[in-house]
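Both complexes below contain chain A, partnered by chain B and then by chain C.
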Partner chain A sequence: MNLRKGVNRGLITGLAMSFVGGIGMVTTFNNKLLIDPILTMGYAVLFGIPFVIALISTKRVVLEGVEVEPHGAGDVLFGAVIGLVGGVMTALYVLLINAVDLTETFPNMGPPTVQEMTFHQDLYVGMGLLVLGTVVAATIGGTVRLIPERVRQSLAQGLLWVLAFAFLELIVEDIFEFAKVVTQFIYAQNGGLTVASATVIFIVSAALAYRFRGGASVLRQRLVGTDERGRSFPTKLALLLIGVGVVVLPMVLGGVVNELLINVSLFMLMGLGLNIVIGMAGLLDLGYVAFFAVGAYTTAVLTAAQSPTWNPELGWWGALAVTMVMAVIAGIMVGTPVIRMRGDYLAIVTLGFGEIVRILLLSDWLKPYFGGAQGIRGIPGINIFGQRISGVDPQLFIYFCIFFVGIAVLVSYRLLYSRVGRAWAAMREDEDVAEATGVGTVGAKLLAFVTGAVLASFAGALMSAKIGTVFTNSFDVLVSIIILVVVIVGGMGSIPGVMVGALVLIGVLGGPRSPGLLAEFSQYKLLIYGMILIVMMLKRPEGLIPSARRSRELHHEELTQDAWLDKKGQFSTDQAEEVPV
Partner chain B sequence: MTAAVEVKPTKTRRFRFNWVDSFLWFIRVAAIITIIVGFIGSIQLFLAGEGPTLQQWRDLVISSISQGAMYGLIALGYSMVYGILGFINFAHGEVFMSGTMVGYVAANLLFQAGMWEQNIVLSLFIVLIVAMSTSMLVAMLVEKAAYRPLRGAPRLIPLITSIGVSFFLQYTFAGLFGVGVRTYPALPESISGRVVILGVPIETTKLLVIIVAILSTIILWYFVTKTRTGRAVRAVAEDKEIAGLMGINVDRTIVTTFAIGGAMAGVAAIMWALLFRSVDFTTGFLPGIKAFTAAVLGGIGNLPGAVLGGVLLGLFEGTGPLLILAGLGIPAVSQLKDAVAFIALVLVLIFRPSGLLGERLGSEDRV
Partner chain C sequence: MALLEITGLEKVFGGIKALQGVDFSIDEGEIVSVIGPNGAGKTSFFNVISGMFPPDGGSIVFDGDNLAGHEPNEITARGIARTFQNVRLFPNMTVLENVMVAQHCRTKSGLIGSVLRTPRQRAEERMIEEKAKNVLAFFGTRLAGYRYDQPAFVLSYANRRRLEIARAMATEARLLLLDEPTAGMNPRETIELTELIGKLRSERGFTVVLIEHDMKVVRDVSDRVVVLDHGVKLAEGSYAEISSNEQVIEAYLGRPAESETGE
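And then the complex of A and B:
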């Protein structure tokens, strides 16, 4: 055991815990109960820190030909040291903010935080508890690696499911609305799982994970790992089931959850569009929101009766055709000037374009056409079968979103495996070589921009129909960044990855203006988005569900080397430092 | 394309229509025409006595220069990091913002202690030191935590990381300091007036800003070109591996670069405080992007270029709306100030991607 390293990590732990307290996260998150009387989200985050740091710190770096110290009692002690140092530091911090009133400068370092961090106990008792809790959490974190791998993974699965059930409270309650008995067993009166249900969920899922270990990855391999050809029967069946699920689920779910899913699907649509630009063609576009704005404003101007200057009052579908044309023009307008630029310059120029569009829409100059800060109101919904469907009835509206996401998925897949998709991949890896081998990079780049623009304009058209008003507020740079996070987290170039990314991030954390499943997050979601972006780039730049083609590219050399080194051919996905983007 | 087939060079070069180039030429011509028409229109307005008066123009130019000087100092950080690591440190605007926020705390404490009124020069100096050290510390921490593990990664990876860092820092400060706007205490009478230099009355704060900018640029220039550490910085920027072989501690040099960039951002933070007084957690975003534009305008990697680019951008963005857009009959031009800065960025990259003082790079290194 390395004492110096332990103290060092302990100080980091203390700093992180103080930080979480200092920005008011503990106080805010404590409004959400995870397991009814015993665990709130704030404490889960607070004590999650020492646990995770101890867990990471006890990881052994395996180097070729170097003896590794086996896991043992040393790790437990190491965890305890981390916990002790971190806990004492956090306790001292609590003592400090209790003694000195800093609220004038740091509004969150006041009595509420002190109370939450001392568990509403007497100050010194609370501080003792805080140290104790930190030590326990860190010690558990250090002990985890002593447990045999299979058991460990099952326990982790159990924990994940408990958390998932706690987070998905809203959805589960919505689905089982017809059977109150179920929800009453699972969830407590004032939110959160009951102790009994948490135990049951934990045991059942851990046991299932122990029994069917590896089953999920085999299944996933079957579903995702295969190329578009040669899908086996079970795969088709699974796809069919997913399809039926997508059609049926909105009917089962209530308005709130459908509303959430509409948001998710809008971001899914934009994520898929940006995935074509960034993931497939390798062009980092930070002004993607401009196309979203083009879609929304074109639809608004063409359909709304209250549009200031032009108001042809077209139907939504008629407007959509014009919107597509406008998006193509916008894609070319943005794409052409930046075609000779590479990498980072492209990013900053597209960011500039996005801001220019927003500023122009907001300005008094174009106010007679786009309404300036007031935006355009009174956009009718989507007209179909003589009906107007808008965001008022999300249960119907979501089907349009699903339809367009379906189109986006189809387009993405067809492009990915087409000549154009291969041209993009070649261009992404090395533009000069691609050009030398006969890829028309100008056309390929423009096509990427245009396709992405059209998909984003669909999202814009849907959004304006859903909300009924468009404001410039909805189109600031945050939107671009959040879509970028969705694509990065899912995996650049991976279509299922982007969809899952949108579902998880937008669903749980929420979009730039819309709340997610956990309203408690809203204050901190951009902080969390930033953190996710950093961690993903450092640890797993290929994303959570990397695209098959990219993984092959990334790990080609490792594969051959490792296959030669040991028969198992197991390679670490963490070693992705030479990721070509 | 057909070089291998051609035996003898034909005299008439076949004209091949390339529509990307045509489009870029179209943009160039359109931009120049717009600028000329707008300029003529503004002169007409001025002659008709409708636009700002000559005195207002003079004040506008001076405040644009002082604002541009601030951009220039932030741009130094971008330029140095780009020169040494080859990526845009998107979080540099937030490094600047951290200086303004913590500087505010110091200024407020001094104000409460009564020192702000009594000895404003010393107070400003203390605030300057606080802001500089904060920005320096933040820049160094960011380098160590986020960028060092990515050394040698393809350049888009650190860029995306820096976007993450930028958001992380923004909302960290939002969490710590709250989301409200904070206002620096008002400057005492002695320095909020005007001084007359060469018959031109200049606001003291703006003069101060310009002087501080010139001084810090000179100090930085001396540091980079004359000292041992500066030489190491330039060597690492030239070639990291060889510099390492020559006995230079590459990691330490890179941290130094970030620290210097951070310190300059800290100086800029005080200028912001003098010019605008109010700060919040989003303060860094726009100046950050504009400073990047300034760095590109001056030629990225080129230090005098960064300051020159900053001043030019400040002038362009400050006077451009009134000088060009107003002449085109556009109402409320001041709203379009930021758009003008971004358009400047696009135009610079189209007209001269290597910047004003930058040398033309090979196609591999270029943009």
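And then the complex of A and C:
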């Protein structure tokens, strides 16, 4: 065991725990019970740190030809050292903020934090418990590596499902609204899982994971192995299931969750649009929110009775047609001047354009038309079958969002495998060569900007109908950044990736102006966004679900190579031999 | 009339005169090699013809039109396609897609057609794929079958060079500019490619200009050889004439005793 490394990691642990406590995360997160009454989210985060750090630190890097020390008692001791150093450091930190009042500068470094971090006990008793807890968590983290891999993965699955059930409380309660018995068993009166249900969920999911380990990859293998016809049936079945789920789920879910899903779908729509611009065509656009604003304001002016100067009071669908035209014009206006720019320069200029649009809308000059800071109020909802549907009725409104997300998905997929999509891909890979191969990059770039703009304008039109008002501060640069994070975390160029990214980030953490599934996160949303972005860039830069195009090809490569080796029965250096397909 | 007629071509990079009044012409169906020592301006010559750099003087007349100052994609559409010295494919696209992209300037379907999958668009897609496969078939089984769906980055070096030629062919150009097509290939592959360059003309009707360092290839394929040195055309003529030209031997091959051609 490497003592120096242990102390080092322990200090990092102490720093991280002190930070989490000092910004008030423990206090805020303790309002959310995960397992009633033994575990709150604040403590889960606090003691999760030593656990995770010990877990990562005991991982062995296997290099060819280098002897690796096997896992053993050394790892346990290593974890304990990390826990001891980290725990003592955190305890001293608690002692410090108890003795020195820092609340003027750091409002959270005061008595409430001290109380939470000492478990509402006497100061020195609490400090002792804190050290003990940290040592235990880190020691467990160090011990985990000793467990056989299959058991370890099953336990991880169990833990994951317990956390999932605890986090998704709102959704599960909505789904089982008809059977109160179920929710009453799973969840305690004042939120969080009960000890009994947590145990059951853990055991059942761990056991299932143990039994069906690797089932998913076997299934995938079988699907990839079959030909087009063999694959089409499971694909159709999956599509059908998704379709039914999409139609039925909003009916089952309650107003709050549907409201949440509307926000998610707006960001999905914009994410898919930005994915065309960035993921497919490779144009880094940091002012994408401008097109969202164009969509929202055009709809507002055309439909609202209170629109300041000009109020034709069109129906929503009529306004949508005009909105599309406006988005095309906006796309060309932004696209034309930046057509000769690449990479960083393009990013800076588009960033500027995004702000210009917001500031223009806010300006005195355009105030008579767009209402300046007051924005435009009284936008009626979407008119259909003589009804007006707006955000007051999220259970119905969500279907419009689903409809437009569906359009965006269809457009994205069809473009991906078309002449236009290939031109974009070529341009993204090597712009000079694309030109020399006959691709007119000016036209292709404008087309990407325009397509992205139209999809964002749909999101804008939906948002103005949902909220009923538009203000300029819904369109600041933060929105552009968050859409970009959704695309990057999900996987650039990957359509399902972007959708999952929106679900995870906007759904769980919350969008720039809206809370997510866990309201406790809202205060720390940007911090967590930043952390996720850093971790993703370091560990998985291709995104949660990498672009389908590439992963399929890579997989195909393995399969054909295997088939080829099977046939040859030996290795050959000449790759150009004929190979069975 | 010549297919490509270049007169007084100039290109200056800062203080360096890369091309100083180069005259060049090629007839339909000819294969011409451009040779010269490193830094002679061969690749600049290609870059200017293909429109990647605008010329600073002179005229480039292709099939009756002056191409000087046109965008590279317009020049490709007129019928001049090229490959690169340091192979430049679209590495993350598949082999088939790499070739299909090259049909861009010959096809029309746009955004709306692609989204709606109109019958015309689908017919066009089928045609693009067919033509791409036809072009790849030129290289036998090397780029066919299971290779279609492989990303270009998994290909071997020689196959990348072949794919680049295929991509240039698929633009349906009349004139191909091949920049060191055999560089980095082993002797067997070089012989094979030399035959293919001949077939480019005899089977597919291309006119070819190639930059080449391998004198055996130059000897075997070219009708005519043009020698560039310091941006100036030093000599022009058949391989036999060039290989015995005193000036060329001095500038390019060194002194006769060291001549690598062994002629």
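The criterion applied here is as follows: the second predicted complex is superposed on the first by the 534 of 581 C-alpha atoms of A that agree within 3 Å, B and C clash if a C-alpha of one lies under 4 Å from a C-alpha of the other, contacts with A are read in each partner's own complex, and residues count from 1 in each chain.
Criterion: a contact is a pair of C-beta atoms (placed from the backbone, for glycine too) under 8 Å apart; a residue touches a chain by one contact, two chains touch by 3 or more.
Just so it is clear, the structure is predicted and the values come from calculations on it, not from any experiment.
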item: Touching partner for A:356 - first (chain B), second (chain C), both, neither; value: first
item: Touched partner set for A:79, first chain B, second chain C, both or neither; value: neither
item: Which of chain B and chain C A:10 touches, first, second, both or neither; value: neither
item: Which of chain B and chain C A:192 touches, first, second, both or neither; value: neither
item: Touching partner for A:468 - first (chain B), second (chain C), both, neither; value: neither
item: Which superposed partner A:531 touches (first chain B, second chain C, both, neither); value: first
item: Per-residue touch tally on chain A - higher for chain B or for chain C; value: B
item: Partner chain(s) touched by A:295 [first = chain B, second = chain C, both, neither]; value: neither
item: Which of chain B and chain C A:418 touches, first, second, both or neither; value: second
item: Touching partner for A:42 - first (chain B), second (chain C), both, neither; value: neither
item: Shared chain A contacts, counted only where both chain B and chain C touch the same residue; value: 432, 578-581
item: Residue ranges of chain C in contact with chain A within the complex; value: 50-52, 71-73, 76-77, 81-82, 84, 88-94, 97, 100-107, 109-111, 114-115, 117, 121, 124-125, 128, 141-142, 145-146, 149-151, 154, 156, 158-159, 167-168, 171
item: Residues of chain A that touch chain C when the two form their complex; value: 410-411, 414-415, 418-423, 425-426, 429-430, 432-441, 447, 450-451, 549-550, 553-554, 556-557, 560, 575-576, 578-581
item: Touching residues (chain side chain B, partner chain A) in the complex; value: 20, 23-24, 27, 87-88, 105, 108, 146, 149-150, 152-161, 163-172, 174-178, 285, 289, 292-293, 296, 330-332, 335-336, 338-339, 342-343, 345-346, 349-350, 353, 363-364, 366-367
item: List of chain A residues in touch with chain B within their complex; value: 19, 22-25, 105-108, 282, 284, 286, 336-349, 351-353, 355-356, 359-360, 362-365, 432, 442, 477, 481, 484-485, 488, 523-524, 526-527, 529-534, 537-538, 541, 577-581
